[in-house]
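Here's the structure, in structure tokens; my notes come after.
By written order: A, B, C, D and E. Residues from 1 in each chain.
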Amino acid sequence: MDILAELNGNIATIGYGLATLGPGIGLGILIGKALEGMARQPEVANTLRTNMFIGVAFVEVLALLGLIAGFLFI
Amino acid sequence: MDILAELNGNIATIGYGLATLGPGIGLGILIGKALEGMARQPEVANTLRTNMFIGVAFVEVLALLGLIAGFLFI
Amino acid sequence: MDILAELNGNIATIGYGLATLGPGIGLGILIGKALEGMARQPEVANTLRTNMFIGVAFVEVLALLGLIAGFLFI
Amino acid sequence: MDILAELNGNIATIGYGLATLGPGIGLGILIGKALEGMARQPEVANTLRTNMFIGVAFVEVLALLGLIAGFLFI
Amino acid sequence: MDILAELNGNIATIGYGLATLGPGIGLGILIGKALEGMARQPEVANTLRTNMFIGVAFVEVLALLGLIAGFLFI
């Protein structure tokens, strides 16, 4: 009886996990600074929110592409 | 009888573990900055909380997709 | 009898260990900022504590899902 | 008799080791901020200590669950 | 007789090594902040030292459990 290892699963899940590491920390810093700016100058809150969304889109797409990468590389 | 290693389990658990790493630190920074802003300007606490929830949603979804990734990639 | 490695265990334990890494640091930053705010403005301590609990819930759930992930992916 | 590697042990020990990494750093930041607040405003030291214990409980439990995870996943 | 790798030892040592990583950094931040506070307000040094010991106990126990984990999981 040969038992090598009963591990199973697809390493695409590890790939996605690593892909969220940077964007997760980055989004936290980005949105945190936006909130800090809103607290100091409440009158520019709308401008900050609009620009925050543009920044969030750039960072978020990196993490979501990590999920698509699992389907691209079979 | 050859025993190479008696490890078992699914590596999707490691994938999810990695997927919480970045969002976990990021959410801490994000909510921490929101709390800092509320302490300084208590009069804008409601605006900060609303924007904090928008930011939390963007970051939280990255970690929860890590759990879904385990079901997507079998 | 060939024994290559006598390792045993389930890698779900490593998965949970990784899942506490980010939330552990994140909760530290989050609660640390809340305590900093309470020390500066003791009069808003109640507002800060309420918002701190909301933030803690968002981060804590990521780590606890790491334990549940071990049961989901067998 | 071929011996390739004489490693032995249970990887739950590695899992617990990883589970202390985040909470260890997080608790350091959390309690450090509480001590910083006590040094600045000694008159709110009691409020800070009470809230510090609440925060410590949330973070400490994540690390201790890492020990329990070794018994849950065999 | 083919010997490919002559590694031996128990991976519980690696587990303990990882278990000291987080608490090691965390204790450094914690005690560092306590010393910073003592330098600024020498009149509250006793209160800070007492609270520092409480905090150190919470973090130190995480690392010491890493040594016990090696005996628990065989």
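What we mean here is this: a residue touches a chain if its C-beta (ideal position, glycine included) is under 8 Å from a C-beta of that chain, and two chains touch if they have at least 3 such contacts.
All values derive from a computational prediction rather than experimental measurement.
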Reaching chain D from chain B through chains that touch each other, fewest steps: 1
Chain whose Cα mean lies nearest the overall Cα mean: C
Chain pair equivalent in interface to C-D, over half of contacts matched, among A-C, B-D or A-B: A-B
Length of the line joining the C-alpha centres of chain D and chain E, rounded to whole Å: 9
Chain A and chain D, separation of their C-alpha mean positions in angstrom: 25
Distance between chain centroids, defined by C-alpha means - chain A, chain E (Å): 30
Shared interface positions of chain C, touching two or more other chains: 1-12, 14-18, 21-29, 32-34, 36, 38, 40, 52, 63, 70, 73
Chain-level touch network, classified as line, ring, star, complete or other: other
Chain-to-chain touches, reported pairwise for every pair that qualifies: A-B, A-C, B-C, B-D, C-D, C-E, D-E
In the complex, chain A residues that touch chain C: 7, 9, 24
Chain B-touching residues of chain D, taken from the complex the two chains share: 11, 22, 73
Partner chain A, residues of chain B touching it in the complex: 1-12, 14-19, 21-30, 32-34, 36-38, 40-41, 44, 47-48, 51-52, 54-55, 58-59, 62-63, 65-66, 69-70, 72-74
